[in-house]
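In the two complexes below, chain A is the common chain; its partner is chain B in one and chain C in the other.
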Partner chain A sequence: MSDEYLVEARGLSLRYGAKTAVDNIAFNIPKGRVVGLLGHNGAGKTSLMKALVGLMPASQGELRVLGLDPLRQREQLLAGLSYIPDVAVLPRWARVDELIRLMSGLQPSFSAERARALLKRTSVSPRDKVKTLSKGMVTQLHLALVAAIDSRLMILDEPTLGLDVMSRKGFYEMLIDEWCDGERSVLISTHQVEEIETLLSDVMMLDEGRLVLNISLEEIDSRFVALSHDPAAAEAVAAAHPLLRYRQQGQAMALFDGEPLLPLETLGRRVRPSLVDLFMALTRKPDVQATSQV
Partner chain B sequence: MPQRWNDSSPIYQQLADRLAVQLLDGDPPEGQALPSVRNLASHYLINPLTVGRALQALVEQDLVEARRGLGMYVKVGARTRLRTAAREQFLREEWPALRAKLRRLGLQPQDLNWEKQ
Partner chain C sequence: MWKRFKTLMLREWMQHHRGWLILMLAPPLIFLALLPVGQVDVEESIHPLLLADLTLTISAVLVSGIAWLALVLQLPGLARRDQQDRSIEFWRSLPASHSESIGALLSMHVFVVPVLALLLGCLLGLPIAIGLVFKLGGSAALAEIAWPVLLGSALAGLARLVLGTVLMALWLAPLLMLLMAASAWLKRLGVPVVLGVIGVGGLVLDKVYGLPVVWVLLRAQIQGALGAYLNHQGEFDHLRHEPQDLLSAVSQWAWNDSLAALGGLASPHLLGGLLLAGLCFWLLVLKRQRSG
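Take a look at the complex of A and B:
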């Protein structure tokens, strides 16, 4: 294991009793990345995030976060990690400036000054009580608090769940503006694939505990081919073994892993492969996938 | 969040095209600095690496240049080059269809309103 990566996992499996949540996966997260962790409910996203912050032991394999063993060196790890769990709750009775004081006492690498500066971006004021804030404002407050920790890795589990459009936009603007500096990385799990597609540098897709895709967005454009085609070409397209065939706004579409042996230009129009389509193609039920895959 | 990108080409290419249209309109003017990567990234909600690729595409089109430690600047002559390229593209790709339509409809130059409404 090296210092090059902020997260390194080798042959990692996570189990709850007899149930396997994460099944023998390997990946690295380098610095300066925005990594999307995608998966349906029960795919293993939250288990993986728990393991990353030392809340769940690995049943097999090796895991290093910021060069530390998350389970055995949890205290040291949490001192330098920015983490918002999926059930993030800030104490409702607390005032914002009290939370900042509390964080200063708990987190050696927390900067109260930076937290106040970050909050100036939002409509949250230091004298507000948590219970008077909207859900969107609480989430922004939480982001400001964890972004004020001097760390190199942020872990966000479904950070914008239940927020309206404007709050989600504000959240991601703050994340890009105040966190992504080319050195620090962030791992975000979400269901809202379409919405964060352009924010990501990399994507990891989990399906039933297996890592079915781990790729940069740049590689997606060069590796996968999406074709919008004439319905009359359906047979030829099917014979070329697409990963997925589907309809988009009434238009017949096909997604291929690699360049298919087809005269694409005569069959239709080549389009940008979207993350949502790729996600659907790679994480459908095995019996459905078996019929559409090579 | 509004979907502002289509599926016709990669995101970095669409951003490069959008920035080129702004350059053609003089925003920012030649010799002036472009917004920083981070500003562009948070404004368009696009990953900074993707923004970097878009700017690189503009560098390759000879429209902007990197100045060490200062960021990206619009090159002198960028607007002229963009305008020339846009005119050539119009004459090559759009004009033939437009001309055919005008002929079909029997429209003469004097039938068209050349003044801004």
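Take a look at the complex of A and C:
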């Protein structure tokens, strides 16, 4: 495995007993990327996240994170990694300043000064107890704590699940402003595809444990074609085997993997495919997934 | 590694210190508050120095006993604490091993807190002793107390009790750890199941098969624990007539009793108990690994 990538997975499978959570996937995450890990419930996102931080063994294949074996070198890995495992998991009895003190003692790369500076961006004060904070404030506090770790990789597992739109926006603003610097990478698993689309540089889509897409946002524009067409052209569009046919603002749409063999200009208007549509297309059509390039 | 362990112990202090301090400070402070209005019956012939020393000792042992009682009741629940409030995910995201987390929890609750209870009990015993002696004998009785002798004997006694606390924790480790491991794996059923299995199993083996092995083992552990805390009473009767010998008598007793308690460690029961405690510790680590 090379030093070029922060995360490298080869032929990785994860299992809970007889059930396969992640099935023979391969991917790399280079530095300076913001990668969205998308998938329905049970797609294998959390299992993959757990494997990345050494909380779940690989049943097959190879996985390196920051050049380390997550399972065997877990403590060493976590010392140089920022990780939010879930929403609102901070101990409710603790005060904010106590958490900063504990992080200082437990996490060698943690800067208490930086955490305090980050908290000034939020409405959380050092004397607040976690149990008195709203879910959104707890999430911002958690982000401030992990963003104060001098690491090259941040792993966020559904970090904004259940938060209101303001809290989600605040969270992602803080993440991009205060942590992403072009050198560090973030891997975010989420359902909320629309909201993070503008933040991402890359996207990985899991469907029933299989990696059905691993691509940069620039490549999406060049590889996938979305066509807004008149109902009259529906038959011609359907004959070209689109990945997905749907409606957007009352307009019939079709999504293709690659340029369709159609005179696009006569059938409708080519538009930029959205991540949500792509997600729906790739995770709802198993026959297409099997043939799609990863 | 030591920094991490100390931080995990600090975490225990942060989470529980309020309860601990209330538990340790409330009884002596209530006694102190009631002393001016309450009635105390004490043998009149007792020398004020001995009365003060006795008060210090009783205060320390009583507060320590309360801390132990609270510990036994609290410890099984601590095995599932982080899973119950979901913070286990947070702790597992930090570079501390599960062994360190559980080790720090046990060190703090089983060793540090009972010792702290002894120290606080002894410390608060001092104003109680002063108040008691003054109440019973007035300022003349207070003047009879040789303070260096009292403090010296209190320190010697305290040193013995601190050692006894640590050794007692070792003797009780299998019982405490068994309750913790059962609680971690069986949740609320853990403690009733352990008590039921020991009780019913012990009765069946004893009454049906004539093998009182469970009672023998339990008795050995509890006797070992009590012996570790206080091996023999010593001979203090002569102090009634020679209270000025308090320091040398207590020092001598503390030394001899400590040696006897340490000697008691060379026991197959202790070794077997520690092996069982080690197994339960491993079960706790395993459960923590599988959480979440």
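Just so it is clear, the second predicted complex is superposed on the first by the 283 of 294 C-alpha atoms of A that agree within 3 Å, B and C clash if a C-alpha of one lies under 4 Å from a C-alpha of the other, contacts with A are read in each partner's own complex, and residues count from 1 in each chain.
Basically, contacts are C-beta pairs under 8 Å (C-beta built on N, C-alpha and C of every residue); 3 or more make two chains touch, one makes a residue touch a chain.
Quantities reported herein were computed from a predicted structural model and do not represent experimental measurements.
A.B. asks: Looking at the combined model built on chain A, do chain B and chain C fit side by side or clash?
C.D. replies: With chain A as the common anchor, chain B and chain C both fit in the superposed model.
A.B. asks: Which holds for A:101: it touches chain B only (first), chain C only (second), both, or neither?
C.D. replies: second
A.B. asks: A:249 in the overlay: touching chain B, chain C, both, or neither? Say first, second, both or neither.
C.D. replies: neither
A.B. asks: Based on the superposed arrangement, let me know which partner A:132 touches: chain B (first), chain C (second), both, or neither?
C.D. replies: Neither partner.
A.B. asks: May I ask you to decide whether A:217 touches chain B, chain C, both, or neither, giving the answer as first, second, both or neither?
C.D. replies: first
A.B. asks: Could you read off the angle at the CA centre of chain A, spanning the centres of chain B and chain C, to the nearest 10°?
C.D. replies: Placing chain A at the corner, the angle measures out to 130 degrees.
A.B. asks: First (chain B), second (chain C), both or neither: which does A:272 touch?
C.D. replies: first
A.B. asks: Would you sort A:195 into first (chain B), second (chain C), both or neither based on which partner it touches?
C.D. replies: first
A.B. asks: Which of the two partners, first being chain B and second being chain C, lies in contact with A:41: first, second, both, or neither?
C.D. replies: neither
A.B. asks: Name the contact category of A:90: first (chain B only), second (chain C only), both, or neither.
C.D. replies: second
A.B. asks: Smallest separation in Å between any Cα of chain B and any Cα of chain C in the superposed model?
C.D. replies: 26
A.B. asks: From the superposed pair, tell me which chain A residues show up as contacts to chain B and also as contacts to chain C.
C.D. replies: No residue sits in both footprints.
A.B. asks: Mind listing the chain C positions that touch chain A in their complex?
C.D. replies: Listed in rising order, the residues are 3-4, 6-8, 10-11, 14-15, 82, 85-97, 292.
A.B. asks: Of all residues in chain A, which touch chain B in the complex?
C.D. replies: 32, 34, 165, 168-169, 172-173, 176-177, 180-182, 194-195, 198-201, 217-218, 221, 226, 228, 271-272, 274
A.B. asks: Under the stated contact criterion, what part of chain A meets chain C in this complex?
C.D. replies: Touch residues, chain A against chain C: 53, 55, 74-79, 83-86, 88-94, 98, 101-108, 142, 146.
A.B. asks: Give every residue of chain B touching chain A within the complex, in rising order.
C.D. replies: Answer in residue numbers: 1, 3, 5-11, 38, 41-42, 44-50, 53.
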